[in-house]
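Lettered A, B, C and D in written order, each chain numbered from 1.
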Amino acid sequence: MTTQGYFDYNATTPVCSEAVNAFINAVTQYANPSSKYGLSKTSNEIINDARAQVATLIGADTGEVFFTSGGTESNNWAIKGAFFQQLKISSTRNHLIVSEMEHSSVLEVCAFLEREFDCTVTRLKPDSEGIVSVAAVANALRPETLLVSVMMVNNEVGSLQPIRDIAALLDDRASQQKNLHDQKIHFHVDAVQAVGKIPVDVRDLGVDTMSFSGHKFYAPKGIGGLYIRQGIKITPLLHGGGQERGLRGGTEAIASVAAMGAAAQVTVNTLNDQVVYLAKYRELLRSELLSVVPGVYFHGPANKALQAPNTLSVCIPGIRAEALAALLDNMHGIQVSLGAACSNNKSVALSHVLLSMGLDEDAVKATLRVSIGQYTTESDIHRFVQAVVTGVTTLFRISKPASQSYVTTA
Amino acid sequence: MTTQGYFDYNATTPVCSEAVNAFINAVTQYANPSSKYGLSKTSNEIINDARAQVATLIGADTGEVFFTSGGTESNNWAIKGAFFQQLKISSTRNHLIVSEMEHSSVLEVCAFLEREFDCTVTRLKPDSEGIVSVAAVANALRPETLLVSVMMVNNEVGSLQPIRDIAALLDDRASQQKNLHDQKIHFHVDAVQAVGKIPVDVRDLGVDTMSFSGHKFYAPKGIGGLYIRQGIKITPLLHGGGQERGLRGGTEAIASVAAMGAAAQVTVNTLNDQVVYLAKYRELLRSELLSVVPGVYFHGPANKALQAPNTLSVCIPGIRAEALAALLDNMHGIQVSLGAACSNNKSVALSHVLLSMGLDEDAVKATLRVSIGQYTTESDIHRFVQAVVTGVTTLFRISKPASQSYVTTA
Amino acid sequence: MFNDIIVKNFSNPEFAAEIDNATNTIELGNPVCGDRIKVQLHIEDGVIKKANYAAWGCATSLATGNVFCSHIHGAACSDIQSMDKANIENMLGELDPSQHHCLEMLHKLFEKLQHTIAVQ
Amino acid sequence: MFNDIIVKNFSNPEFAAEIDNATNTIELGNPVCGDRIKVQLHIEDGVIKKANYAAWGCATSLATGNVFCSHIHGAACSDIQSMDKANIENMLGELDPSQHHCLEMLHKLFEKLQHTIAVQ
């Protein structure tokens, strides 16, 4: 399948040939890794090798990497796992802090715990550039705070969050001022949009748990992992046989694990280069759009070093991004994501991320998310910009008069 | 990889070529099914097709099939999901009934709920043939009973459980005698060892939720599903984006889903034949072993119609199955499972299934699980029996004198 | 996903234009999603000689404006008056749930047009 | 999984046999897993002329009996007496945690043998 029109790498990535080949090779090794016979040795080796490859990608020890079915499971596991782990000891440590711009797999888990258990959730607003401040976290801390969860890179605007500083804050807090139960606050990080896109080193960051997902870095969908720092205890989410050192039941998804390992390996080898040329392409995209699309501007950090190199959040005032995306898709075979979409007959789903940054409804509806990746070429970018110009021209031709006149509602 | 020595199909199955090909075809369709552009159409079609194939295999509507990462997730989801769903309404409906011979992914979930929540678990003993009686379930029912979970086919002895009758009992109970909260008792069935091995029809059975796992019927590991009967509500286990109609978050594992669909399709086409010839091979195995291994006998239902056609639980008194399995593996490249294994320096893990049937420690240690499947041939069976004879002879040569003399412990 | 009718009509909106000598104007807004359609008409001798539109909204609503104009352009007012809901129902082809509000808009446009013709 | 030493010794246990004219017998049982090893010896002129064993237990324990016999068969009693733990430690090769109890059994067997020789 061609990727020349694909500008939605943050939604998912094409699978690299190394990952496909690793899958095909591993899938013939059918023995259950938990079995005790010789045939299982290869299955175990495949898993161990992949674990080492993934551990290298994130700077962890192999013993700290646990395979899951993806980022959603990892986020559910980390947050529920920390919560239920604590529930045994004390039901009064029941305060969670998250950012408002987290992925739904974090926000929905918090809403579940809030709804079903005696638990309070503080949701921190990011600033207008999409960054949660360390001060905001510090202000939200309470004696009964159990967990802080902040994503590393936002999926919609690409803003990098101050993970290292938040970790340091929580460490400081733990050493200086004893909290209610003398237990460190658990720091979970959703790094699904970071791992494979920017260098990530768990030791350097100082996080307790960290989620990642294979399909964001060229592995198949449905495989991911959770980093659990040595010594940190969380309750399993999938109870069962003793797989993943007793912490995650279920027969290991060997072939998918192997595929993710291979993709991790490729990433380790190419990431430094990718970061440089993707940022270059992103800036090319930005400057070309600026020169040809009237009024266009961008959401996200003013300081470009604080944005994922592959992501651009594009706002074209006066148009509906949904209509532009439809033109790009149907006329040019180009894929992008949206800040808003009609979700049913009665409502429009507006991006909670963009709203949390203080954007108004019109701006949200005028926003496209453009995200590039390792198969993007310079000519794809030119072609993309050309298509945007054509689309915007069409839209302005349709909407110009109406948008200027006063319109009564039906 | 050769399968001629593989006699452990209950642990996992080799992946069929149809499933591998389906994976390879689907993995190039990289678009995220949740995206709104044309490229996602194929991804969605792949998932819909696979859902239809799986639904056909179990007699469900497509709307009742939810994809998961395997049997363990499905069991965790169904039981925790029914429990947490109820928790909202009433914390006094907190009694669970399971059999003692359930898979660890059922038992561990119950133990978790028992440990962490105000919840009581009744564990029913099967009879000596490995069958849980409907009467036992009936006797265990209480006004506060929330859920009954009984597996359809036991993984170690292959005994079929009276699922239809238990469902009827619970239906009766619901219609006759109102329970504490006027809510039907949730009936979950772990059918991981049934789906793909015997005909399964959810409508006919009358269950509320039912787990299955692809790698038990020639799909890759790490993909499975949960049947949720239309109208039954359970809380999600993986909260997140709206995938799987809002009930199971996480970007869909398209390629693995396609592979499981293909494997389901093959099974639908071949199951009737398989059931007949596997039962024939199993009986061949039984009669050959009886004729050449002194003292050998079998655990499980006397009525062979109540046993999975592919499973034989073999007991050879006077030997350690673990030692025989080691000989089979290392001398003959044959794989079987065990009723017991040294798990560490200080303990032996004895099969909880065999113990629940009333077997003593010696019998458990003398038990091998032999399970066959679609790649097993008649000559594999002859070769297997020959290898067992050789192994038993070696073991008797080593152990005969010692086993007869009185031995003091160290 | 968009059906062929919708794609054709939003990607090539022939009727997106302004009329200098409009005799009538129909305007419609959807308060929920903010879609707006403005149709200008030139009606003469019981015939809709010209219909053009402008719109601001999602792709389906842009298409809706064009579909509406293409059906009424050149039509006799009497034919418009005799149309009922069933005639309109399939003009947009098969729609996703998220696109259904546009069918409602189309119905409203015809209603307004019939009203406009009636009071003339 | 079994290492090569273990595989070789349980699949081809050359010393699994009974001695008619045994001068000594060593017996050992593991109360946890029920492994049992019985070694018969023929000791003469300060030399272990013959060592044979019988065993009932897991594969590693069967191998352990054979490894033990193969090391002491034909050995001088004085050499046995001068052995220490370090000599024995690697005789079974690398073991999984679940196999470690067999190394303990091997140490015990040597202890018992040394004791047997000492009291002779």
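One rule holds in what follows: a residue touches a chain if its C-beta (ideal position, glycine included) is under 8 Å from a C-beta of that chain, and two chains touch if they have at least 3 such contacts.
This structure is a prediction, so every number in the text was calculated from the model and none was measured.
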item	value
Chain pair showing more contacts of the two, B-D and A-D	B-D
Greatest separation from subunit B - chain, by CA centre	C
Inter-chain centre distance, subunit A versus subunit B - centres from mean C-alpha coordinates, in Å	34
Separation of mean Cα positions, subunit D and subunit B [Å, integer]	42
Rounded Å distance, subunit B centre to subunit C centre (Cα mean)	59
Where subunit B touches two or more other chains at once, by residue number	36-38, 325, 330, 341
Sequence positions of subunit D contacting 2 or more other chains	none
Complex contact set, residues of subunit D against subunit B	2, 7, 10-11, 13, 16, 18, 27-34, 36-38, 53-60, 62, 65, 97-101, 104-105, 108
Residues of subunit A defined as touching subunit D within the complex	36-38, 40-41
Subunit B contact footprint on subunit C (complex, rising order)	1
Subunit C contact footprint on subunit A (complex, rising order)	320, 322-323, 325-327, 330-331, 341-348, 361, 365, 394-395, 397-403, 405, 407-410
Subunit B - residues contacting subunit A, complex	1, 6, 8, 11-15, 20, 23-24, 27-32, 34-39, 68-73, 75-76, 84, 87-88, 103-105, 108-109, 111-112, 115-116, 213, 215, 220-223, 235-242, 249-257, 325, 329-330, 333, 335-338, 341
